[in-house]
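Chain nomenclature is as follows: A, B, C and D, assigned in order of appearance, with residue numbering initiated at 1 for each chain independently.
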């Protein structure tokens, strides 16, 4: 039988992941800053805790799935945080999309306390989490990764490892999100031109996605772009801006100019400035339409 | 039995297309400015002609598959060109990737001579042409399109129509090539960052292309980017530059700012300036590497 | 005494230039497509002609100051154009802002007819033309430039020569306009940020223009940017777009990526798409404001 | 007689500023992390201290002129820093080019300790500092600014105030540096095109700077661009990168997309990646040359 696993962050991603852990036989203790948001997890069989530290035993495994770097840092370092609880043998599996530099900093703090930090960001939205279709990318200490692998395998369709550098999985995750935004911008520009040229956009989308662009991103995001439909949000535009901000910081850290990343960052930034922060992040496509005078 | 079809341009795309026409029962007369390049088509059963005009009867069908706008224009307008030959009932099916404005101009000239111009650019490389896997996009006069449809169906896996505006199919084709270049740039930036961050690029490519980017462009072009391998060329970088130049002209014609198109145009332009014009056009990815100091 | 000089194009630039020629003792024959626009020049002492060819003798000097490449080409090549009139010894001084490639093409046509083409675009607006403060840049045939120099010296404060390549002066003129647009964009972004940060923009402008940016462009254009005031137009935004289009074509001709030129071109293109084509071209600064949500 | 003033940071900017303070009758106590660098200031009449705190009395005035945000923060907060020394009545005049967000944070810390923080970044290089030609921009608490004004007036040709928001002067300073970098990029692109078109660049520079661009930046920086000469450095390229990084953070803080700032940031970032970090920051112009194949 599995020993209990801590899970901090019972939001739209965390809750279905917790259900999968329980379905796989794990006993799970959960914590969320807003306690009411743990109700669904508790209904699924999880035990609610009142501090992060309570979710995990001294040498246990705790997963965090939170909104941003500050939330992860607080969960580790606050008075009842996990850093002072874990100790030797303990492993913190950090699944949020955060900055590579933050991962490096937090891993070092764990090292100083005898515990281990494993980076394990995921690819997939809440529906993929529910369907156990996430992909999990890991990086960090080999022994710790080995120990937590059964937990991670219960969450999705595969675990792909990216080696010992703890920040690697975060860099990769940010690159993936950047590539999604870049594809959205490419479609935004192309479909704006097509609209102004009087072309049947739906037929064009079907042609392109029936051929060289036959992938979920182009099909699904492309449909939003063609329909100029960005509500309700599956992933908030302002969270997309946050991810691209982290990507730009990583690009700066590694001295890699990324002009396309800057372009999509500015689209998202402009979206927030225009009051579109709570739209779906495919709404970055509205920028190209604005420029072309299509939204007047 | 089918009446003879003219085919002008027996290059790497034209020759396999001619083979498919012959296999489908059409009799084909071919012309190429460099006559020796018709040998493969003749070996496949085509009849060689010494002028463009000879390839087609007065009310016949002639296809052109040529390198650029100037070549199509010359084939139509030169002394022994097809414009003065076709006359009422004749149809010119123009399959090259050319400017929308050129399509509009050439269609008007045909109208003045009683013949019709059908735009029919294709998606697919020489290997797709050989495998009869091309997608053909059409636009222009409805009756003319109806008449040539059996010919076009012999060339690929489908014909998709984009209405009466003769330039529409060309706009779409240019948008498709732009989107391919944009995807290449996105991968170029992402994999440059990953390389500098010490990440296993091959594993990253497989992860991304096993998920949301599971499409031929990301798999195949992505492999070239990961391997930094752009020879031998499947599609010349300098021809990619030509296509993006046409896309920029179309964007200007329809007052649609396309900053991402400008970015990839500049990558290709810089590639030519640095002596990379005869590489495969995935070589545009070298620009991001240059900027990051990776090619020093 | 000076022999008569032809002057084609009696617009806002041409008319004050004609006045200066007359003041300097030249006898001037003028032509304008819209004849009524020659009235001011005639009132100043010029003789009106009804065709371009009538303005100049067979071996004379004719100046053109027109809106675009097409107008210059028509003036040369139409039935009563100047090309068939000039002949050996005749000189066409082309002062409009046109494409370097057009200059090369027109110079070749003159060579074939025995006449000479001198490129002589000017720096300065109508008020500078009136005040005889223009700068004239020349390029082309040395002997022809030598002959027309007294005429050009009557128009401004100096003539600067750029050698034998006929297109050089045009490249330079386009670069100058590009640099003006680039300075406007820089100020547009900087003052948008300052406005959002609650900074006194007028004080900032005075500080910057009292120091390292103490030049007319930064003072005058900067004031328009600070005041968000772009009417009435001194130079139409859509003509600025035309100039940047020519600059992009020149950059393409010489394989020189110019991403900043693309940025300002897109600002102007977007301005036209949003209905701002008849504003002053400092209105390109509205693009940065739009992006920042300042015009909502 | 003036009471003593503290001055922390005796580098290439600080040392001539200290000389001017002494010449104006102030007695100055100096500190530098590397003590040997205080020798010139001491030779000019300053008194050397061994900690930041020693430079200033409990209610005195201390100026900091340091390399970056971290250095200013350390000088304030380290064990023998100035924050715990100043107390009510004390004023910290922070003259370094730092982030607006850092100014806000440090001002708040001073408020909590009863002392005041005045932002006072300067425009001008070491030669301008020596010639007492700096421009000083101030922002922050009105009474504190009033008290330190005589000190600041001894340093340059003028003090310009930007109000109560402590970060305003820093935003302005960063905007000024951005505008300089933008002008450099504009010239880099223009002169690259001219060089490829065979134009006399020196004549072109003189023409442009004799007219609408008649300002020190265009003359001096333009000469470096024309000569492709970026050594020895007057201002290090990697410090320019730092300033543009701060500008981008400010643009992000105020939701203002600045694509031209991103372009010059990437030029500088690429310069560092290519080993040009210790060149003069006009070396950002090499990026356009690289793209055009001019440095091969």
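By our rule, a contact is a pair of C-beta atoms (placed from the backbone, for glycine too) under 8 Å apart; a residue touches a chain by one contact, two chains touch by 3 or more.
This one's a predicted model, so the numbers in the text were calculated from it and none came from an experiment.
Enquirer: Walk from chain B over to chain C along touching chains and report the minimum step count.
Expert: 1
Enquirer: State the pair with the higher C-beta contact count; candidates are B-D and A-B.
Expert: If we tally the contacting C-beta pairs, A-B comes out ahead.
Enquirer: Please tell me the distance, in whole Å, between the geometric centres of chain B and chain D computed from their C-alpha atoms.
Expert: 53
Enquirer: In angstrom, rounded to a whole number, how far apart do the mean CA points of chain A and chain B lie?
Expert: About 38 Å, centre to centre.
Enquirer: Name the residues of chain D that each touch 2 or more other chains.
Expert: Where chain D meets two or more other chains at a single residue, that happens at 255-259, 263, 266, 269-270, 273, 291-293.
Enquirer: Which residues, counting only chain D, touch chain A once they are in their complex?
Expert: That would be residues 245, 248, 252, 255-259, 262-263, 266, 269-270, 272-273 of chain D.
Enquirer: Show me the residue ranges of chain A that touch chain C in the complex, using the header's touch definition.
Expert: Interface residues on the chain A side: 259, 266, 269-270, 273-275, 287, 290-293, 296.
Enquirer: Note which residues of chain B are touching chain A in the complex, please.
Expert: Checking each residue of chain B against chain A gives 100, 123-124, 135, 137, 158, 160-163, 165, 167-168, 171-172, 175-176, 178-180, 182-183, 185-187, 189-190, 192-194, 196-200, 203-204, 206-208, 210-218, 250-251, 254-261, 263, 288, 291-293.
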